[in-house]
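Heads up, the next two complexes both have subunit A, just with different partners, subunit B and then subunit C.
Our next item is the complex of A and B:
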């Protein structure tokens, strides 16, 4: 052990890991490289870049919430089904009427929060493994939804489509919203008591409990955030698709992909360490990958292979780095 | 007993770990059919010696002979093949596998390449019968009581035809009836020419079961004698006798202050009739054997396994520790005996770890880095406690045990509770850091805090405490003043007189 003591606190961003900058660089390199290679340099102009960022929105928002769940040492497999529920509920309640927009949004957020509370309560009160608890809740949601709706239900009014299609100048509302939400999430994680408690519970739940932290409330809070983010993603997809269908969450594989990008972003699957900027960088990598394959005109299946390889490689790299990190 | 070659001889064994001489020229032997008790305090070197015998560690120097032939075990499997079986304190049965499957784990008999379940069952039944047990081989191990699991462990040892059986505190988790049954079994096996190394610090047991006794202290053999020459009093003296230099901080010259904590007739599943007081400025030691309930008292006070009856007062106010949060709010704090599991956030920074308690009680909307939780205030505390790390951003898992303990102390000093409970404050901490931790405890008491120190380390109990409470079987067995003889504490903890008579009869 070294005798020296660094008494200068490192800046907060350093407490995460080196993952975000590396992933960012890798994504940009991939995107720019493929654009040049295929000669589609117009993809590097504003429209192309905006398109890339728009690819990030749906997965990005739900992954922000998933980051909270995973940092707290939990996980949420019900997000994909929650997204479907939110989208269908929104478009069903609105039924094309602008005056129902507010009501629909409020109902969706309330239902999402409730699902989060249920997830959290099952995990922290009944002590059911989070994997099983949220898998079960997800199946229940999907079952209820599929029993009630078999196809696109209702539609969203043109005013609501602005969520997905409107923009401030060149920046779409949705992209702006993603980054605002990410900044907000980052603020909550680093600068609030709730954030500190999430890291404590994820780092050592028993230690946190014995230190006087109400770990059940913290876990539940993380799941409420996670379900709310799924609800917001559902609203965004309803707006983008102009209507909600009971399969859009599943088709997007938002449950597994959100977990994948969180882990790629350097958050420990066991909890206690990580952050949203890494997650966002992971989302960007996936989006760049999609865009690159589109530019190359290759079928989507090799993309899956590559995604899988990236997830495994990322976790392997983190594991080796952590093990090698001996002071 | 010396006519033939001994079944087991360990000669001049020396083993050094970084910074610690664990064993220094230790010799130990066991004749065929002998029960040889091995005793010594925590850290005396018993477990290192056993691990060398079991092939887990290799000695730096020295030789091991079995029946006169020199052997060297490079791996635990080599030791097992040579006929050495070790039954650890924590049983290793697979709870969801049957008794027969457990007994033949790794040595499953096969027929035509397939598992021969019938032979397994029959052999298991035969082995268990030899041990006087009627447990069915089909039973799941997890469904058995601890006592029966222990017998299955012994059967497992016999299945590999063990000639040397090491039992590491086998009765620690057993009640008196099961314990004496196990002792009978050990004697019976010894008549079948099995050599038994019996590790225990329960004096009455040793008196009942052993032929010879060896005492280790600070990595050296301090005595080896036939039982007849080793009455309990001599054993205890051999175990604890040591020089106490200025290792422990001087006790306060001031009389203690007002009563900080009162516990009256309190009890729960593990404890009954607990009544005591701790005054401000006092360090009260809580001693007792493993399972005596001394840790249960700490857990009850901090609300982890709360008292279900009786009352508790802090500073004269009646309080209830329903859960850890309520207990801490009432003015209590506890440093766990298991830093890794219950204390530290291993992969988080030293600083984050030091802020944990303050963060737990921060106002809901406040910043977790403001006021007493600011990095500056936290760093100041860590520097005061002389925490050594490459930086306070370093993950706490990379710190030494002593430094980790200081980080936890820093965490509690930030909260500065009225009553601070230290559980095994120096477990896994080197000698120099131990003295530092005692000093911090004494300074904290001198600042008017009340301290309860739960410890299995007798010298520490006697050297640091102002008063000593001794626990036995879930109740207070008695109280001694600070500086009492370790023998007296031990005597209260093991109920030397009455129990030895009861067991001998």
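Our next item is the complex of A and C:
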């Protein structure tokens, strides 16, 4: 594999844009500004900030995985459905019994990995456009799930609820887990061969293939990571909601929102460039927006309208300087 | 010798013709005949007419979506625009039949503006259309909910609903003739002409195939992009007016239609990322999906498995297309 190392790109941080720091500053400014403006300075104390960070967890974990898929030049629209499958499966297997926790988690992770392999195989073997492949797999998953379960299924035991509600001192486990996972993801992207290959395949798949990289395995690996992250998000949501229902992933719009935050975080939708810290900054922007809208008392529907406009604006900030054509 | 050459030529021409047959048309016929065997009323003229009426909104959406797909983009906002049209129609007419035509004009104007914004964001802000139209999807859905205050109410006047609902009775030969089929034929004819018969259509293909090359050849790429998104949005408003005649006013009439429209095009052989596709294929794809849904209903499968079947056929259609392109180039 030594010849492939010639293709290893410069570390992502060196080629990255100034996006994450700017986004971070903007999000914090927005949150703090609105808190002062509405006089809700209580939101700036520990509880308020922890609450803000907790808003990031579900979207954050799945967006980390989505970052891998997008850097590899792919995209994953099946994550929302995968989240529902994971949550329902977990709470159905546990059925309130603590001794089934480990089994449920293992089954969920195995199923997620399998879905990732299927996504990767359809894309790299059958040469199906990733948009259609993962959309199709998502529809298949959702159909099977909704045909089997129509409502909340089973429940998670009290011990498992600790995942969402437990904490080290003031820092909730879930928030700590998000940052640990982000650190792990950025280590994989920057410091491992798999990470380097992801950038290579996303930047120029044919070039990477000619350089001796097994592009099919890299694409599949990216999708396995992405599906696993969706599975973990599903476990977290099952813990937080105390049960899983077949609509929770879709209601959270995790598919489209995870793509949006990845792109807002400066990762190129075409692949080959980006990183997880930008994604986390994008997630923080969404969380701050939500919190700011709540503080200002904006009702649900105008919030939706603004959110759509902000997604476009946040992405347009980068793309407006693009030279080439974009479709 | 010449005989053998003639023979070979004839055979290659037959292969060519076979290749040109749209696979979706074949699949559609298989599905439809299966449906007909299970439920013979589908084979009667009235059954065919009713089937076409039900397929009309999806076929119209696909006729608009194909322009965007061929130009290399996606339009994810059409489903929410259908919802906005139905809800907006009920709010604007407020049960007063005399306001129908004015309301329809306003809805088309809204659709035009949404399409123009989509196109402008893609063409001038260079935002990928997946993100641009996704943002539009969220905003338009939010706007529809805001308009009706979250709870759609009221009814649509009958003359608003007639496009989807009205049926001419006692027509010779076919007995019934839904007005929806007239609209369907008009939209498909117009779209066929626009995509395959005009300079604009050629430019859409050129931009989708290679936008840079098209630009160097003198095509105003930005105008083409504006055009395709406007066409798709206007088709969505048309589909919305049709669907208003099918059921009641609700917030989820358009839910998921954007994906069904893209699926219909893809099943009909339209290539994602642009440059390839035919209108006949897109319409055949829409008919195939509708026939598939009818088949699944007849087989008594639970509603959710429709999604599973749709996902499977979607992947199969694209995999088959990719395989065929690798084989025959």
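Here are some notes:
We take it that the second predicted complex is superposed on the first by the 306 of 327 C-alpha atoms of A that agree within 3 Å, B and C clash if a C-alpha of one lies under 4 Å from a C-alpha of the other, contacts with A are read in each partner's own complex, and residues count from 1 in each chain.
Convention: contacts are C-beta pairs under 8 Å (C-beta built on N, C-alpha and C of every residue); 3 or more make two chains touch, one makes a residue touch a chain.
None of the values given here were measured: they were computed from a predicted structure.
In the overlay built on the shared chain, the residue A:289 is in contact with neither subunit B nor subunit C. In the superposition on chain A, A:192 makes contact with subunit B only, while subunit C stays out of contact range. In the superposition on chain A, A:212 makes contact with subunit B only, not with subunit C.
When the two structures are aligned on the shared chain, A:300 is found in touch with subunit C, with no touch to subunit B. Residue by residue along subunit A, subunit B and subunit C are tallied for touches, and C comes out ahead. In the superposed model, A:276 lies in contact with neither subunit B nor subunit C. After overlaying the two complexes on the shared chain, residue contacts for A:135 are found with subunit C alone; subunit B is out of touch. In the superposition on the C-alpha atoms of chain A, the part of subunit A touched by subunit B in one complex and by subunit C in the other spans residues 322, 325-327. Of all the residues in subunit A, the ones that touch subunit C in their complex are 75, 122, 126-129, 131-133, 135-140, 142-147, 253, 256, 259-260, 263, 269, 300-312, 315-316, 319-322, 324-327. Across the interface of their complex, subunit A is touched by residues 71-74, 121-122, 124-132, 134-143, 145-146, 150, 207-208, 211-212, 215, 221, 225, 259, 262, 266, 272-274, 302-312, 314-315, 318-319, 322-323, 326 of subunit C.
For subunit A in complex with subunit B, the touching residues are 1-7, 9-10, 14-15, 191-197, 199-200, 203-204, 206-214, 268, 272-273, 322, 325-327. Contact residues on subunit B toward subunit A in their complex (touch as defined above): 302, 304, 324-325, 327-329, 334, 336, 341-349, 351-352, 355-357, 359-369, 375-376, 379, 383, 388-395, 398-400, 403, 411.
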